[in-house]
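The following blocks contain the structures, represented as structure tokens.
Shared chain: subunit A. Partners: subunit B in the first complex, subunit C in the second.
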Partner chain A sequence: MVKYIVKRLILIIPIIFGISIILFTIMNLTPGDPAQMLIGDTYTEEALDQLRAELGLDKPFFQQYIDYIWNALHGDFGISYRTRNPVFDEVFSRFPHTVAITFLSIIIQVVVGVIVGIVAAVKQYSLLDTVSQAITMVLASVPDFWIGLMLLLLFSVKLGLLPLSGIENWTGYILPAVAVALPYMANLIRLTRSTMLDVMRMDYIDTAKAKGVPKKKIIFKHALKNALLPVVTLAGVNISWMLGGTIVIEQVFNIPGIGSLMITSIRNKDTPVVMATVMFIAVLSCLINLATDLIYAAIDPRVKAQIKG
Partner chain B sequence: MSEKNTVNVSAAAPRKFKRKSQLEMVWIRYRKNKLALFGLVVFLIIVIVSISTPLFIDYKEQVIKQNIMDKFQTASAAHPFGTDQFGRDVLCRLLWGARYSILCGLGVMALSLSVGAVLGASAGYFGGAYDQIIMRILDVFFAIPMTLMAISIVAAFGNSIPNLIVAISLGQIPKMTRIIRSSVITLKDQDFIEAARACDTKKSRIIFKHILPNAMGTLIVEGTLTMGKSIILIAGLSFIGMGIQPPAPEWGAMLSEAKNYMLNYPYLMYAPGIAIVLTALSITLIGDGLRDALDPKMKN
Partner chain C sequence: MAEKLLEIKDLWVEFKTDDALVHALNGVNLTVNKGEAYGLVGETGAGKTTTCKSILQLLPERVGKITNGEILFEGKNIPDFTEKELEDFRGSKCAMIFQDPMTSLNPVLTVGDQVAEEIELHNPGMSKEDIDKRVDDMFKLVGLLPERKGEFPHQFSGGMKQRIVIAMGLACQPDLLLADEPTTALDVTIQLQILKLMKDLKEQMNTAMIMVTHDLGIVAKICDRAGIMYAGEIIEDGDIEDIFESKYHHPYTVGLFGSIPDLTVKTDRLNPIQGLMPDPADLPTGCKFHPRCPKCYEECVNVEPKVYQLSPSHMIKCHLFKDIKEGGNE
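So, the complex of A and B:
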């Protein structure tokens, strides 16, 4: 088990290196000179050169990259070109908002998705099944930012129940979380329903029925446990997607999360912030994938045997 | 339909039944699915609209020309969907907007499918170090969130339509390659490939003539689903100002402008959103229908 985890953790390292090379190259190709953007309209050539030297921008591209990696390996991710604050402070002041939305959203989608999926499967071809099928089909094709706009119109503009924009207290997270959750939820409902239907056709369910096990017990004890396996994987994938995918929704609700930080940083050619944020998200999603696999192993003895072996 | 077929086989013209091509069989199974048929009809209408708009709409006069006098009109005979903040007809802009979505969607599908097919098929077929290198490089791209990747590429190279297509395809290629690679791996050990190899067929011919056509079902289904997703993604990018720029009437860009007038003129936000949903939904329905129609298990 420990060996497996260590092996997976080691595999993250080349991925992070790869990401750093790709991003550093792309950011280097972005037009504009960060020093010039930073210094403003009135400046002398010497001051500009001095600032460039200070930020390390006067060195050749390859040297800049080596320096960056060397410092990063020592825990120094540099300072933001835009605000001149340490990159770590920039990223961690924004991150809680994105995490809050992601986790609120994953709770909503898993709870609603699994319940609706089970009911739809157990009562297959009922009215509820048909309606939920139709709704999930549409939801999967709706852009989350448009759902967000429509929710804003309904709950904030028309009904005045929730804040229109920004984060003053926790109620500000509700609408963005729901907007992000709905398209993902559609997939979770579909997956839960179809795996549940598959599992219900298995021989051991027939055996349980023949033994006279009550229906509720069959559903929750025998079927659900097996049907949840793919759902766990999908939920894990969804979390890592949402961490990097709330960019557009943050713009709708004016939330100062990772997404808005990324957009301002990319526009201002703030390479250190962009690099640190993306690498941070990538490490986090690798860890979440690992956690998903471990949870999977904990639920399914067949997988556990594979990991141990 | 199945009854009709059996009649054909047993009585009148058994040969006619045999001659039904693969494509015909797929179509027969596809059209049984009413939702998929509905999706196809809607999609075809959108495609026809997007091709024919220049014939009856003048871009300079009707789509981007500002008539401040007419601003914020509600629905009327002259402007069925009303006018926006610059007095431009919403319906004209909406119809013109279909061009961007369809063009970008098709572009992303074509690019990610062809690159994914070549990379995935070769990696799966040759295996070994080549496979390892390709897949490890793609792992890196896979770990970068799709939207972030697209935004940084657009920022670096500018937001023209070809750049947008490349930016979004880059996010889709790793997934596409993996899917194609795994279906090639299951195919390559089958007897007919063995036979082709025994005949000393060229490797490229084996891949393109024998393996890829057999993986075509998966390819087409994944391609359609990718197209649906990328249309939503492009609208999202344009909405945050990193995609197609106003005054071009891309649906996401229209929503982005409309958001500023949300409090007083919310009607501006309905039509572009519904247009995106309809387009994406029709493509998803087609993809689902194709998946069932191409699945050999569903054969009668």
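So, the complex of A and C:
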């Protein structure tokens, strides 16, 4: 098991290298000169060349890449072209917001998603099942910014329960987390329900019934563990998506998260910041994938056997 | 006269799907005495599995429904059982071995846990050590190493899984064991082992058994009595001697025996029963076998045959036997 984990962790290194090469190339190929963007409308050619030299933009492409990687390996992620602050500080002042929203949101979507999914499957065709199916269909098809705006209207403007924008304390995370969670949650409900229904039709459930196992125990001991596998997979994918994909919600709730930083940086061709954010998200995604696989192994002995072997 | 354990009286079961109403059982009558092995023989789709599932009330919810009849177990009607009574009945009084050992064990629970669960459920207050010991005993009984009880189903072969399923079926020493084609999914050498095992266990524990199969050889080897099933009815029922040695048979039974190839005679072709089992959503009138029956005459097409008692143990549901009186067995 430890061997497997170490192997997977080592595998992250080539992945990160691959991503860095592709990303650096793309940033270089896209039109626009960061130095020119920075310097504004009135400038002399000398000042521009000087700025280029300062940012290291006068060197050939490969030299630039190798310098960047070399410095990054020494913990220096460069200076933001735009703000002239160290990239590391820039990124890490924003990541906690995004991570907080993502994890609050994943807890909401998994807890609610799995519970409602199970109940809907066990009481198939009941009123609750029909209603939850209708609601999930709406939630899955409505864009998250609209949900965010509606939540703001209701809880912040009308009821005044939660802050309207920005992050002053932890209550500021609630609405964005819920807004992000709802569409994902809808999919988790539908997935849990359908896999649960599939599992309940399996022969081993009949075997359990024939043994005289009470219904509750059949659901939680015999069926749920089998039905959870695809749910774990989807939840893992969702986390990766949310880490890089809460941009719209950050705009709606005016949160200085990683999404808005990434968009601004791309627009300004702020290569060092883009590199750092994307690679950080990539590392997190790899770790989450690994965690997903380990949870998988904990649930299913067949997967565990493969990991050990 | 042996003591009746299970008596099914005029059982009708329907499956309601979106497209059709499927008549799965059409008046099944069946009796199993204590300690007796009853063979239920028939083609795929004849209603053998449905009969077993009805006994344990395992018909698919909302779709399958008992529309008429009684299933009496020690005189009590099983369909009237409450949820709690059913849970007590299943596993401890009556257990079932399912057709496919590959899918009838839960892949995420250890095999030992799956056997222990049943013992624990039906013996409340039993200590953990006693349960453990009982599981070990069951494993030994079916010829498996008790040390392997901590392993998961995917670590066992098909024949071993079937042994585990049998161990599970017998763990609480039920009065009645429903074995739904326990050897169909296994290869021939393993089949023999499993059958021998079941026969030995039946004799040791005095468990009554319904052995569902389409293999007449298995019936001859294990069963005391047998019923031939066709299109949701039992068309011939009798002691094993009646089924295998009497000169009077339902034409379908004759066809079944006729389709067994004889190893001592050289023939170019096998001798199957012509045609297919009727669609249970659209059953023929009169005798349900008439479209395939070589001896069919006018009455068969229009009138449903009565059950004729040829001897106290032997009955046939066919118009051909209306003139033969009781005792016509010899």
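The rule we apply is simple: the second predicted complex is superposed on the first by the 291 of 309 C-alpha atoms of A that agree within 3 Å, B and C clash if a C-alpha of one lies under 4 Å from a C-alpha of the other, contacts with A are read in each partner's own complex, and residues count from 1 in each chain.
By our rule, a residue touches a chain if its C-beta (ideal position, glycine included) is under 8 Å from a C-beta of that chain, and two chains touch if they have at least 3 such contacts.
Source: prediction; values computed, not measured.
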item	value
Superposition on subunit A - do subunit B and subunit C clash or fit	fit
Partner chain(s) touched by A:22 [first = subunit B, second = subunit C, both, neither]	first
Touched partner set for A:57, first subunit B, second subunit C, both or neither	neither
Touching partner for A:39 - first (subunit B), second (subunit C), both, neither	neither
First, second, both or neither for A:303, with subunit B first and subunit C second	neither
Contacts of A:247 with subunit B and subunit C, given as first, second, both or neither	first
Partner chain in contact with A:135 - subunit B first, subunit C second, else both or neither	neither
More subunit A residues in contact [subunit B versus subunit C]	B
Contacts of A:282 with subunit B and subunit C, given as first, second, both or neither	first
Shortest CA-CA distance between subunit B and subunit C [superposed frame, angstrom]	7
Contact set on subunit B toward subunit A in their complex	35, 136-137, 139-141, 143-148, 151-153, 155-157, 228, 232, 235-237, 239-240, 242, 252, 255, 259, 262-263, 266, 269, 273, 276-277, 280-281, 283-285
Residues on subunit C engaged by subunit A in the complex (per definition of touch)	56, 58, 62, 83, 86-92, 95-96, 98, 100, 103-110, 117-118, 121-122, 152, 154-155, 165, 168
Complex contact set, residues of subunit A against subunit B	14-15, 18-19, 22-23, 26-27, 29-31, 137-138, 140-146, 149-150, 152-153, 157, 241, 243-245, 247-248, 251-252, 262-263, 266-267, 274, 278, 281-282, 285-286
Of all residues in subunit A, those that touch subunit C in their complex	125, 202-204, 206-215, 221-222, 225-226, 299-302, 305
